[in-house]
Amino acid sequence: MANTTIKYISKPVLRRPILIEGLPGIGNVGKITADFLASSLKAEKFASIYSEHFPPQVMLDDECVVHMACNDLYFAQNVGKNKVDVVFLLGEYQGTTANGQYVLCKDLMDEVFLRMDVSVIYTLGGYGTGLMADKPRTFGAVTKSSMKTFLEENGVFFSPGEPGAGILGASGLLLGMGDINDIDAACLMGETSGYFVDHKSAIALLTVLESILGLDLDKSDLELKSHQIDELTAKVKEYEVNQKKENLGYIG
Amino acid sequence: MANTTIKYISKPVLRRPILIEGLPGIGNVGKITADFLASSLKAEKFASIYSEHFPPQVMLDDECVVHMACNDLYFAQNVGKNKVDVVFLLGEYQGTTANGQYVLCKDLMDEVFLRMDVSVIYTLGGYGTGLMADKPRTFGAVTKSSMKTFLEENGVFFSPGEPGAGILGASGLLLGMGDINDIDAACLMGETSGYFVDHKSAIALLTVLESILGLDLDKSDLELKSHQIDELTAKVKEYEVNQKKENLGYIG
Amino acid sequence: MANTTIKYISKPVLRRPILIEGLPGIGNVGKITADFLASSLKAEKFASIYSEHFPPQVMLDDECVVHMACNDLYFAQNVGKNKVDVVFLLGEYQGTTANGQYVLCKDLMDEVFLRMDVSVIYTLGGYGTGLMADKPRTFGAVTKSSMKTFLEENGVFFSPGEPGAGILGASGLLLGMGDINDIDAACLMGETSGYFVDHKSAIALLTVLESILGLDLDKSDLELKSHQIDELTAKVKEYEVNQKKENLGYIG
Amino acid sequence: MANTTIKYISKPVLRRPILIEGLPGIGNVGKITADFLASSLKAEKFASIYSEHFPPQVMLDDECVVHMACNDLYFAQNVGKNKVDVVFLLGEYQGTTANGQYVLCKDLMDEVFLRMDVSVIYTLGGYGTGLMADKPRTFGAVTKSSMKTFLEENGVFFSPGEPGAGILGASGLLLGMGDINDIDAACLMGETSGYFVDHKSAIALLTVLESILGLDLDKSDLELKSHQIDELTAKVKEYEVNQKKENLGYIG
């Protein structure tokens, strides 16, 4: 913990909360989903995490007020059908080095999540396929195979051994550290090309989370962004097809 | 603190001092300004900081006496109209790695600045625009928007969200760590092309600090250097214009 | 030990066990040999080692169950003629950095092997020659020259000063750290081209270990794989010879 | 000290010993000189230093006995005219990273040299000029200018501000850390081209040390090697001159 600083704004008392992680990653699917869910549930920030493993800098907002590179912890209570408590790990940064990512996750596990008696961990991410999916699926990875039936009932697909490259960063490490500490943990990954920020994949992932938590959220903001990107990619495709035709005409 | 060594020469008793940081950076504006101000106020060195995060070397002076890479702390008492105490963080080096910069600032904050009960932090730097400014401005970034009115009254400009790349190194980190520890902090940045050591920008920044501290310093040394650089750049410009004319004549 | 986590499944009580290390390396000779020996002896996993020095990721198996990058400890009791206890250090990873490899070995030595009162260490590896050997030998390196006679009697060759580049990673470091802690240690290296995973070299190395431990194992699985590779390389050679003839024909 | 291990063979009781450092560096001048001096004085090894900052490997000797990367400490008593005690820091390695070099020197200073009450530090090195010197001089750098007269009387030259690049690695850091701990320290640098291992420069540096310590050593071994290199370089020069003549003849 030498150079990880956790600054608490409040210390909420929660009943075996679910942890949901959504830090930057492939297609930013995990981050968009977690940010949207936390915002929809009016989750409240209760701590910020500063570390030597984030970039050594501050960013300015429109008021010229500085913000140091950090991750943030939010909580929401009595969420969904089962009135569960939820903790969110959100932010603009992951550790900048391999061992920095490990140290950050370990410090958070030891100092925060174990003390809060987290009951289950969902890490959110993207599963980059390099292909555009019309109906992106949500893939899963678990620390115990007994978790699979429940997740499948809520719309999660399991594809043996995939993603073949494993799961990198906080989304993978929090699973491994959950397992070490006997906390059930799953990574939920929205199928994405991985080429751009993918709101459509985030909607699919969010639908799975709504099912798991027993929620029915207004996703119109995400849907609008998703449609705009669909239109843009359709135009790009149309343009490319026309270009090809023109080129063929020119050659012919 | 494992490998940060603070060697005290004296332990001055100060009343809630202002901290002014001026380490190397863009156009060296912050360093020139802080060095000049400390020298003008006859500030006294009271500690040196050695670290594994500085280059592993010693430099020789004209007496062949070696000096290990370090940062230094100076103090001045009863400064300006309001008779405030000032601590300076000066030196030729910043940490050579991203996490080294963080660790150095954190160690100084925890071991020195918090113990000294620093009341406010001014970090000095340059705001690199890539353009020569006839009348360089001083830009500001703050930890609390309530600090802006006072700074604007003393000649600081605030440009929403700028610098867009944020503030790197000690000048940024000390702001973030000030904020974590509830110390008001501002970065004051002299507008500079960033292409050379910029004494003109330092004069502008110094004028802001004189106003803040209620000082009237003899800046003739800085002004001489600034004029010399102005003349040099004027000659370079003149030469370029003549070259262009000749080239046009040649073409014509 | 800050960021090395040893998670025990059980704490077997062993009588001055022999430690056998077989982590990934040249031709994977050490890893194949140690994995096969541990499996043949039905060794039981008793601990997993997690570290910031392994890649920050989890891999998925065919059940989509995640496994964090780690090393594992196994034990077997009453092995061979002399009924010795054996501890195995196995895994898919070595530390990803130079100092990470050192720290991992030191933590294991201090926290596990010294506490278990390890009597002797055999680290297993490959000795890359760049040449295909029909009958690969097993080379040795020791912490005390008095160990050589026993090993030579069991089929180990000693070639003065070789390998000239020394022994890298866990296979080398555990020898050095054994020596520091007055534990006899030897590295046994199967001669290998180093160009592919070398089961033939592993069989040779295994034969030496059988002799040392007084074992007679069923090596048919390894022999099958070795023959398959022999056939494959024979075909590649034949093809190359034919190509050469054709080329000469073409020139002639 | 987490990952620096000092293994003592004996704990000699010395009276305010002089420390002489000679680790690898420019032209290996410092290392040759220190190794030769320690050997001539029949200095006795009393400790080895192991560290995560040395390469993670062992080397083999002609007996196939492994040696882990380390530095060694030797001592000699009642040396020279003044019967002083001397400690030597010798070895084949320096730390492989910038902060590793710092940490190693700091650990040695804190754990060994301060406890032994070292009275003065001489670090030995080469001063690379890029030129062959017929009569190489020995240059000096000191922590206090008051040390210069004594060193000049013993044949050391002081050239203001040189070497301009400062002094890197252990030879520099031990000076800086000596200074921090109020131990007089000097770096003595044999003038060398820096292009090869320079025994001639080592003889010059050794002559200075003989004068300082009041010694008269048999340097014939070093002189033989120095002559051999002189002859070799003379032949290379002759060859180059002849080549040049031939080339001119060819052109003419």
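Note that the chains are named A, B, C and D in the order they appear, and that numbering of residues resets to 1 at the start of each chain.
Heads up, the rule we're going with is that contacts are C-beta pairs under 8 Å (C-beta built on N, C-alpha and C of every residue); 3 or more make two chains touch, one makes a residue touch a chain.
Here the structure is a predicted model, which is why all the values come from computation and not from measurement.
S.K.: When you check each chain against chain A and chain C, which touch both of them?
M.R.: Correct list: empty, since no chain touches both.
S.K.: Measuring centre to centre with C-alpha atoms, which chain is farthest from chain D?
M.R.: That would be chain A.
S.K.: Quick one: compare the interface residues of chain C with those of chain D and tell me same or different, with half as the dividing line.
M.R.: The interface of chain C with chain D is built from mostly unshared positions.
S.K.: Could you please state the distance in Å, as a whole number, between where the Cα atoms of chain B are centred and where those of chain C are centred?
M.R.: Computed from C-alpha means, the inter-chain centre distance equals 56 Å.
S.K.: Take the average of all CA coordinates in chain B, do the same for chain D, and state the distance between these two points in whole angstrom.
M.R.: 39
S.K.: Could you tell me which residues belong to chain A and also touch two or more other chains?
M.R.: Counting only residues that touch two or more other chains, chain A contributes 2.
S.K.: What chain pairs are in touch here?
M.R.: Chain pairs that touch: A-B, A-C, B-D, C-D.
S.K.: Where on chain A is chain B touching in the complex?
M.R.: Against chain B, the touching part of chain A is residues 2-3, 5, 7, 50-69, 96-97, 100.
S.K.: Note which residues of chain A are touching chain C in the complex, please.
M.R.: Residues 2, 95, 98-99, 101-103, 105-106, 140-145, 148, 158-164, 166-169, 172-173, 175-177, 179-180, 187.
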